[in-house]
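The two complexes that follow have subunit A in common; it is paired with subunit B in the first and with subunit C in the second.
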Partner chain A sequence: MIWVLDITMLLFLVVCAIAAITIKDLLSAIIILSAYSLIMAIVWVEMQSVDVGFTEAAVGAGITTVLFIATLARTEGRSED
Partner chain B sequence: MSRIQESVIVRTVVRIMVPFILLFALYVIMHGAGGPGGGFQGGVIFGAGIILYAMIYGIDAGKKKISDALDRILASTGLTIYAGTGLLCIISGGMLLQYGAVPLLPDNPAEVSKYLIDFVEIGIGITVSAVMISLFFDVSSPESEEAEE
Partner chain C sequence: MSGVLDIVYAEYNYWIYVTLMMIGFYAMIAKKNLIKKIIGANIFQTAIFLFYISLGEVEGGTAPILVGGHGEHAAEVAHEVIYVNPLPHVLILTAIVVAVSTTAVALALVIRIYQEYGSIEEDVILAARRKLQPEFSEHARLKGGEDE
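And now, the complex of A and B:
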């Protein structure tokens, strides 16, 4: 257990999560969310849960980002509120 | 066609990478029983490979490889494999997905279990990849095509 790395990644997760919900540009929010998923996958693997980390990397950082961007391409791309 | 889709570098890299992504997906599916991975993750990676191809070479080229009808057939085939294996176990006198009950090799139930787990993983992989591909096609198809339907 490298606890310095753990704390750094967890802090980065919180920063990513707050940035994803406060930013106005939706494309930026999607990219930040995909970075969140990637860090989360590393955290899962760090916690000896390789299977969950694998799923997080494949679904969270991969497919979800593609589907979000494909959906965004058909909308305005900016948040109303 | 966007500028990214016309780029020779992107097209060549995608053409070279997609077979390896699909091969890696099959590896992940087949090693689900013994290590990290499994039907769901492998299916998602397989779907991602096809989606990458469809993103760069166009939705129509992707639909030529995996049409909507084939997609539907694949999704239901995987589900049938999964449910069929479960039912086979019930018919053989066990619980749902109790692989050891199937009398393929009467003297070695553990061996039967090993093969049937892989069989079920393949079913899950087929269904997940087909559903992922159809999700992407549904979301990213051009508007004009929907008006015709």
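And now, the complex of A and C:
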């Protein structure tokens, strides 16, 4: 485990999480959530759990984003908070 | 004192996991937008996954794939390698799939709510609900009293 990479990625995770819940434009929030999932996948691969890492990259960053954007296409894209 | 600091440094994964979990929890409770609530739920779930993966980590361990599984000295090589614990990985692999299905169901419900009420803001939905059915819950009546 490379601890500098680990700590950097974990701090990026916190920044992404805070950004995803504070941004008012929902499409931006969803894309940031996708980036969050991808960083999480990097953290897991770097923590030697490769199987969980690539499942998260495919499912968390891929399918979840598609589902969110499909929902956004049928509802409205702005959030009040 | 240095013992406490050692724990803080050594277990930084757990601090990040607690922080992420609280960010997700805050979004689920305080945000009015339904999509924001689901984003919060997703962050909460991945924080729990991070906790489990951190539990399975072994100092100096390699990925749980058999090293030297074939050949003449397979058994000797296999004993010298340290692996991380694969059990949490298996649990989380299942949990990731469950997380996606719960997200899909929640988003389907959001679409249905939008068709019914024309909004995905919680307070607008509650106001519309109150107009349709003035006494639909005690809580809504109390909240309506202070609104109007």
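One rule holds in what follows: the second predicted complex is superposed on the first by the 80 of 81 C-alpha atoms of A that agree within 3 Å, B and C clash if a C-alpha of one lies under 4 Å from a C-alpha of the other, contacts with A are read in each partner's own complex, and residues count from 1 in each chain.
By definition in this document, a contact is a pair of C-beta atoms (placed from the backbone, for glycine too) under 8 Å apart; a residue touches a chain by one contact, two chains touch by 3 or more.
Fair warning: this is a prediction, and the values are worked out from it, not measured in the lab.
Of the two partner chains, both subunit B and subunit C are touched by A:Leu67. Shared-chain residue A:Thr75: touches subunit C; no touch with subunit B. In the superposed pair of complexes, A:Phe54 makes contact with subunit B only, with no contact to subunit C. In the overlay built on the shared chain, the residue A:Trp44 is in contact with subunit C alone; subunit B does not reach it. Once the two complexes are laid over each other on the shared chain, residue contacts for A:Ala17 go to subunit C alone; subunit B is not touched.
Looking at the shared chain after the overlay, A:Ile2 reaches neither subunit B nor subunit C. Number of subunit A residues touched is higher for C, counting subunit B against subunit C. Residues 50-51, 55, 59, 63, 67, 70-71, 74 of subunit A lie in contact with subunit B in one complex and with subunit C in the other. Contacts from subunit B toward subunit A in the complex involve residues 28, 36-38, 40-41, 44-45, 47-48, 51, 55, 132, 135-136, 139-140, 143. By the touch criterion stated above, subunit C contacts subunit A in their complex at residues 12-13, 16, 19-20, 23-24, 26-27, 30-33, 35-36, 38-40, 42-43, 46, 49-50, 53-54, 56-57, 61-65, 84, 88-89, 92-93, 96-97, 99-100, 103-104, 107, 110-111, 114, 119-121.
On the side of subunit A, the complex with subunit B involves touching residues 50-51, 54-55, 58-59, 62-63, 66-67, 70-71, 73-74.
Here subunit A touches subunit C in the complex through residues 1, 6-7, 10-11, 13-14, 17-18, 20-21, 26, 29-30, 33, 36-37, 40, 43-44, 47-52, 55-56, 59-60, 63-64, 67-68, 70-72, 74-76, 79-81, going by the rule given at the top.
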